[in-house]
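Labels run A, B, C and D following the written order; every chain starts at residue 1.
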Amino acid sequence: MQSAGIIEIETRVRMAETDLMQVAHHANHFRWFEMARVEYLRTRGLVLKALIDQGILFPIKEVYCDYKEPARYDDELVIRAELIEFTKVKIVFTYQILRKLDNVLLATGKTTNVFTDLMGRISRLPDPVFNQLRK
Amino acid sequence: MQSAGIIEIETRVRMAETDLMQVAHHANHFRWFEMARVEYLRTRGLVLKALIDQGILFPIKEVYCDYKEPARYDDELVIRAELIEFTKVKIVFTYQILRKLDNVLLATGKTTNVFTDLMGRISRLPDPVFNQLRK
Amino acid sequence: MQSAGIIEIETRVRMAETDLMQVAHHANHFRWFEMARVEYLRTRGLVLKALIDQGILFPIKEVYCDYKEPARYDDELVIRAELIEFTKVKIVFTYQILRKLDNVLLATGKTTNVFTDLMGRISRLPDPVFNQLRK
Amino acid sequence: MQSAGIIEIETRVRMAETDLMQVAHHANHFRWFEMARVEYLRTRGLVLKALIDQGILFPIKEVYCDYKEPARYDDELVIRAELIEFTKVKIVFTYQILRKLDNVLLATGKTTNVFTDLMGRISRLPDPVFNQLRK
């Protein structure tokens, strides 16, 4: 599903993502956020691999997650990403992770990526790429 | 090294922790924070496995990380954790990740854990455990 | 797709699964094998979580993987698992990982799981569970 | 510790490395093997990052692991790697993972790396690098 600035993807909690507290380890939520973010950009015609090949990196600058309920092994998850800010120097998404079965909200989050050159220096996104995403 | 409420541990960035942008993937920082947090508690006589065996879980409630410089493959890292709040219902740490070679600050972060029973209901830490950590 | 003893699932290589050699880190193949194995068992009515709740664990005993071509970031993968041996004490699968785009074989593998009780002692699968999978 | 072709490193099982079966997930053993392998090469003067910068990659070709006893959360592990074959086109190691506390053998394994150029074509190690490791 996908509307204006929102995308939803689905995934299932893998055995390797759980820990001995019987729930998904909290670092995985950032991998799931990333999957949704990448998919969002893909649907807008932006393939990250192509950006890298042009010498543009987009490292993470800040991340936040609020865990409301545990994600458990084998749970089907819906990850919803919303683009909330996009300039030539940064891109900000918020996220919701829902349990598909009953639509319970498991976590919310926020990430900020910046654009840099291959040396890691902050750079401005070239107009063609910027305009493509702006659409 | 360890003073009042601070501990430092060291680790080295593993190949499996890097990604194709040639730096450590951002989800790993939360694993490193966790290593320092666990070590902090261990030095205070609190072994998390023992807590679990008593029916006390300590899930993550909130995490935050600000990435300042990339951690690269094979970098030796110093992870510094500081206990900044500790009550019977939650425990809050802040973190710094430094590159050992030149002491450059790579990231700062913050985590909040809560205490729950095995059903995931928020619970208060029993006095003996609380007092042991209070020392 | 699914025939006699074969199942196929699909997944996409995540950024967090790549490493600085620009390809998926080799440990991930075992996570993908596991996803296919779990799915195979699910289609036969065997939910691993339910087994665990009955006190039956199924730890990995042996794994092998032969890497033929790298899996790259964002590649869509087809993971094909085939049950090749199933007794009351062990379960053996072989695997193929294919790149969906051109059907190129990226890796082959094999895993053996055994059944144990919660103490880790080898045990025999109870008849009802065994017969359900035998079907 | 380190003798002729053997090295030992130590690590501790992280929370994020466990799964809901209460033990370290089996994919982690390959990360631990890699840590020992990298360390072995470092002690012989071979820094993998430097090789990559010279256009030499060393992808994994084959891996095997036999799991004898589970590695558990917080266990201190000794990972012993032994170089058993080294030519200009491949490098083979065997491994043992031991629980430090009581020296129990938890797993054994074997890996084969090959050398390739940046396009992934098998290549022969240049003489200077080969001779350095031969010493």
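Criterion: contacts are C-beta pairs under 8 Å (C-beta built on N, C-alpha and C of every residue); 3 or more make two chains touch, one makes a residue touch a chain.
Bear in mind the structure is a predicted one, so any value in this text is a computation, not a measurement.
Enquirer: Select the chain at the greatest separation from chain B, using centres from the mean of Cα atoms.
Expert: Of all chains, C has its centre farthest from that of chain B.
Enquirer: Centre to centre, by mean C-alpha position, how many angstrom separate chain A and chain B?
Expert: Between these chains, centre-to-centre, one finds 23 Å.
Enquirer: For chain A versus chain D, what separation do you get between their C-alpha means, in angstrom?
Expert: 32
Enquirer: List the centre-to-centre spacing of chain B and chain D in whole Å, with centres computed as mean CA coordinates.
Expert: Centres of chain B and chain D (C-alpha means) sit 27 Å apart.
Enquirer: Identify all positions of chain B at which a residue touches two or more other chains, and write them in rising order.
Expert: 15-16, 20-21, 23, 27, 31, 73
Enquirer: Which of line, ring, star, complete or other matches the graph of chains that touch?
Expert: Topology of the interface graph: complete, with all chain pairs in contact.
Enquirer: In their complex, what parts of chain D are in touch with chain A?
Expert: Per the stated touch rule, the residues are 15-16, 18-23, 25, 27, 73.
Enquirer: Across the complex, what residues on chain A touch chain B?
Expert: 20-21, 23, 26-28, 30-31, 52, 57, 59-67, 69-70, 120
Enquirer: How about chain B: which of its residues touch chain D in the complex?
Expert: It is residues 12, 14-16, 31, 34-35, 38, 47-49, 73-74 of chain B that touch chain D.
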